[in-house]
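Below are structures written as structure tokens.
Two complexes come next, and they have one chain in common, chain A, joined by chain B in the first and chain C in the second.
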Partner chain A sequence: MAVEMLSYIERKSPVHQLTGVTKLVCFLIWSTVAMLTYDTRVLLFLFLFSICVFIVSKVKLKEVAFVLLFILFFLMINNLAIYVFSPQEGVKIYGTSHVLVEISGRYTITIEQLFYQINVTLKYFTVIPAAILFIVTTNPSEFAASLNRIGVSYRISYAVALALRYIPDIQRDFRTIALSQQARGIDMSRKEKLPRRIKNAASIIIPLILSSLDKIEMISNAMELRGFGKNKQRTWYRARPFQKIDILTLILFTLILLVSLYVTFHDGNRFYNPFS
Partner chain B sequence: MKRKNLSIKTIVAIGIGSAVFAILGRFAVIPTGVPNTNFDTSYGFLALMAIVFGPIAGGLIGLIGHALKDAIFYGTPWWSWVVVSGIVGFLIGLASKKINIEAGKFPVKNIILFNVIQIVVQAIGWFVIAPSLDIFIYVEPANKVYLQGLVAGGLNMAVVAVLGTLLLSIYAKSRSQSGSLTKDL
Partner chain C sequence: MKKPVIQFENYSFQYRSQTAPTLHEINLTIYEGEKVLIIGPSGSGKSTLGHCLNGLVPFSYKGEVSGSLKISGENTKNLDIFSLSKKVGTVLQDPDGQFIGLTVAEDIAFALENDGAPQTQMFAKVAEVSKMVDMADYLDSSLHQLSGGQKQRVSLAGVMVDDVEILLFDEPLANLDPATGKYAIELIDRIQKETNKTVVIIEHRLEDVLHCHVDRIIVVDDGRIIADMTPDELLASPILEQCSIREPLYVKAVKYAGCEITPEMQPAHIESFQVDGCKDQLANWFRKADASIPKQKSESILELKDITFGYTTGKKTIQGVSFSIEKGEMVSIVGKNGAGKSTLSKLICGFEKPNAGRIYYRGKDISEDTIKERAARIGMVMQNPNQMISKQMIYEEVALGLVIRGVPEAEIKERVLKTLKICGLYPFRNWPISALSFGQKKRVTIASILVLEPEIIILDEPTAGQDFRHYSEIMEFLAELNRHGVTIIMITHDMHLMLEYTPRAVVIAGGRKIADDTAVNVLADSQIIKEANLKETSLFELAIRSGIGEPKEFVRRFIAYDREVRQQWQ
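Our next item is the complex of A and B:
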């Protein structure tokens, strides 16, 4: 496939051995902490910790580099945009102003602004390794089983499993349709003008959607024939029992959650303020 | 058959719908020239699925589809916007009872109704909820996220108005019209 996407990478490592449930719960805890906190100390700790887990997982940087490059590019644009739109946001948050470089008017660079933008970037950096790791170390089938295990109804878990199963198929359909339309001279690429491009895009999307609607019909018939949804519960081929390491990991992550929230909020403010 | 649980067809629609949403959101986007804002065709598809399969399917397709797209193509789900995709799908889906697309007709009256609803729903979603979540979670500057919401929301409205309406009328034509059979005497 020409376009790269993140997918499960089979490997022997402690991170891979954890059950899907453990990884899902840990990922949710991680996202929650990273969303709630803005404390630089907590963010730094989370970032370094996730780097360590990354090394333990034996996933090579090369294997996920394409996503990382994209994210770095995005973060750069985002940082520029923050500065352009609100160059004194840091001053507003931390309440002091240490001027670093004098530039006309409101675009004066302050230490507070730099510190704030470093925090914003760090906030993304704490989630990204965790999210990437979760995706590349969790088998998709086991992921659906895990969703069911943490309380999501098995019907919806199965829908997620179906989505993961069919993304490559639909990607292939999309390419096939796009190529056959291009053979007829219908181009969706940069070479066409915008209104024409939108019209041409429609001529690729409509066949794709109609064929997907047919697929829905076919798959639901097949599932109905096999008696899907007859019982209240369902067993999963990929579900695995908890091991000692799972319980230890869960305890560790719960501790991280509690300590981070305590450190963040004990002074009544999400931010760590080194200026006061 | 009991209707209490989700029907098998709805479950499959959620699964396949999420996959199509993710693929369209990754490959069938047309950059407008303004950085980080695209003419994103997947929202036209989301509107179609919400009207055909109802609010629960619409909401879950938005939620699962957007989360998967972010996760596998961009490395990390952007929760504030994922949630809004879910809300938009769900709310547009609420109109599915009023717009009975399975009847095989999509008259002007319903086209107007559909577009009024989608514009109101998306205005709430992209202009209010998404930027507010961005400010709450990421503490980004207010004027930046509101502008992003305004541009993205406006584009999504245009996509749904053009592509969503088109898809729905094509879909309606592919259904057999109610009352289309006459008794042969």
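Our next item is the complex of A and C:
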């Protein structure tokens, strides 16, 4: 069914070819940089770079559009909240105040505030595509193998992989249950008032939990019957050896990390200040 | 003397949550290289017996064990579930739920991974085993894309990588269409012959398992072994009838005709069955049995016209399907797994919108109606009751649809209680749903739809996973509803259900309607049987072999007679 989102998308692309470990490490580097820096130049570079990677990965925008929109919605709320609670944050950071529009008291819009919020937005834009890309281009089993290789216990790795694997299943179940409950007259659409809708949602979630619990019991039995958890170590059928491309990518990302950190911190400030 | 591999001695088991033991004083020995079938009604303890073999009892399902169980000479008390899994390989009932890997190869390799086998060894072993079960060409396929039969072959391969001594099959036929089930039984037979492993099959569909040779049948009822004999001896005895397991239809027919069955007649397989001595009695019975009543025409209640649909553009799941259902009919929609049967029901209920074609209800076009509007006329009962139940108490669950529709309290009470009575749930009205059995939960879901008073009810596999007694109960209940005027459409791949309860069958294959005829005629057409993965009923063969000229009529009369007999022991 066409409702699967955030599940592995099989393609032939250089991004898919990388081992799970490489992608995981790169993703961690990427997030670290994006979290540490507020330097607009670095952020802009990262943003453009992630768009390039996205194109290389051959994942279509359409396939991840829903999640993307969902996150953008939260981004908007976040931006509004920053403005409401701290409208002069930019002035504090950059130390100058260029007034753009005069509004009563502290809600005066300044270029500094706008610039600051653009930076925050850019941070989102650098991390989100990377995160989505990581999830949709990494085969869950291979991902588990990677986690295990960087030292995470294989039980936890497998649990994560199974969770990723069951995302499409649960989405499918959710849809079936929602439809059949709708057929009994449970309205989830906007015609119903909000408290009522929340109550109605319970009538979908309870069967979803119950049928998921059934599945969990079945799969844990099946795993145990085939010897899962017997030894301290296990091997992975899908494990892939490092290739040249992996090493090159890791070097590239380490360089990006170092350069961005240098550019960000060489003047002793996380922020790039165009106003001084 | 052969070497014993499984030895139960005075073995009893009681689940921690239960007040009485599930297994009493089991004494059973199974020898190396034997092929044994364990049958019994639901709740008889046959699955628990299987769990004892693979170690789920007592390692996952805790409880109290007494007596001893030895597997290849070793007492299971001294083993753990992992060393047991090296001796006993289990193929579980529902292949969908037990897949762990994403692709065929990964799933087959799972046990090897847990052993820490090096990758090159895994590749070699997976290639070898997948060849054995004819899945070598699908190693990189995603498990979701496989057919039911292929999935089962993958789970078989997954336990065979371990070089187990015993292969245990827990209800291998439960989710397969008839033809696939037949291949599954043939595959088990072939693997057993090639590898000389000990095979234990737990199943209640006796006739289907007997498609291939079985050394011994063990009958379990009420936690005890009540028979342990060859198939020929068992079929000649009255034991099956006593514990309500469905006998092979050809055996049943001969019994109805008044013949006595002896082991010498070799009743285990229709091919070997010596019917010559019964020819006269069968012919006699055939003359006397009632012919079925011709059905009356009534108005059309639901009509599909040229329905075409695909989940993704370009790939059509349903192609130009048209049919009309009359008021008060009981129709089955049959076809192999993945043929588009369930999709068709979703289209009728409005869960999906057809790309082309119209749907009419009593001559009125309802193609544009919403799910909710259609639900007032057409109710849908899903296969898994857990996917529908959202309240804790039976009364609340059945009342839910009415409460939401804002029906006055007094009327709700009246309608719910009336429905509960019809469904035989009235005594349980104040029970929590969690205390019910699977079959009873199914009834609750039917009741929760019925209370909305739809004129048509669609049921997806209403009897999946039910033993013969529950099957008869549910189906008789539906037949009763049908007599009250409710039109019933069933989606199924159960040949017995279609033959016994629905006069008419619509056959879907590859998204197209390939037949729309009486159930008996459908099962008499070898072309349709082949295309839709159905299976011919053994009654035809019996009729032909005993010289009855009209096999179809013979089947029809048998069904009518059989239902009358069964209604008496309801």
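Throughout what follows, the second predicted complex is superposed on the first by the 243 of 276 C-alpha atoms of A that agree within 3 Å, B and C clash if a C-alpha of one lies under 4 Å from a C-alpha of the other, contacts with A are read in each partner's own complex, and residues count from 1 in each chain.
By our rule, a contact is a pair of C-beta atoms (placed from the backbone, for glycine too) under 8 Å apart; a residue touches a chain by one contact, two chains touch by 3 or more.
Treat the numbers as computed from the prediction; the structure is a model and nothing was measured.
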Partners on chain A (chain B, chain C) - clash or fit: fit
First (chain B), second (chain C), both or neither touched by A:Ala159: first
Touching partner for A:Lys193 - first (chain B), second (chain C), both, neither: neither
First (chain B), second (chain C), both or neither touched by A:Ile206: both
First, second, both or neither for A:Arg238, with chain B first and chain C second: second
First (chain B), second (chain C), both or neither touched by A:Phe70: first
Touched partner set for A:Lys62, first chain B, second chain C, both or neither: neither
Touched partner set for A:Ala183, first chain B, second chain C, both or neither: second
Chain B versus chain C as contact partner of A:Ser7, first or second or both or neither: first
Which superposed partner A:Glu224 touches (first chain B, second chain C, both, neither): both
Degrees between the directions from chain A toward chain B and toward chain C, using C-alpha centres, nearest 10: 60
Greater residue coverage of chain A in the superposed arrangement, chain B or chain C: B
Least Cα gap, in Å, left between chain B and chain C after the two complexes are fitted on chain A: 5
Contacts on chain A seen with chain B and repeated with chain C across the two complexes: 162, 165, 202, 204, 206, 210, 215, 219-220, 223-224, 228-229
Complex interface listing, chain A residues touching chain B: 3, 5-7, 31, 35, 38, 64, 67-68, 70-71, 74, 77, 81-82, 85-86, 89, 93, 120, 123-124, 127-128, 131-132, 135, 155-156, 158-167, 169-171, 174, 188, 194, 197-198, 201-202, 204-206, 208-210, 212-213, 215-217, 219-220, 223-224, 228-229, 270
Of chain A, residues touching chain C in the complex: 1-2, 8, 139-141, 162, 165, 173, 176-177, 179-187, 200, 202-204, 206-207, 210-211, 214-215, 218-231, 233-239
Contact footprint of chain A on chain B as seen in their complex: 5-6, 8-9, 11-20, 22-24, 26-28, 30, 32, 35-36, 39, 41, 44-45, 48, 60, 64-65, 68, 71-77, 79, 137-144, 147, 162-163, 166-167, 170-171, 174
Contact set on chain C toward chain A in their complex: 54-56, 59-60, 81-82, 85-86, 90, 92, 94, 97-103, 105-106, 109-119, 122, 126, 158-159, 162, 311-312, 346, 349-351, 371-372, 374-375, 379-380, 382, 384, 386-391, 400-401, 404-405, 448-449, 452
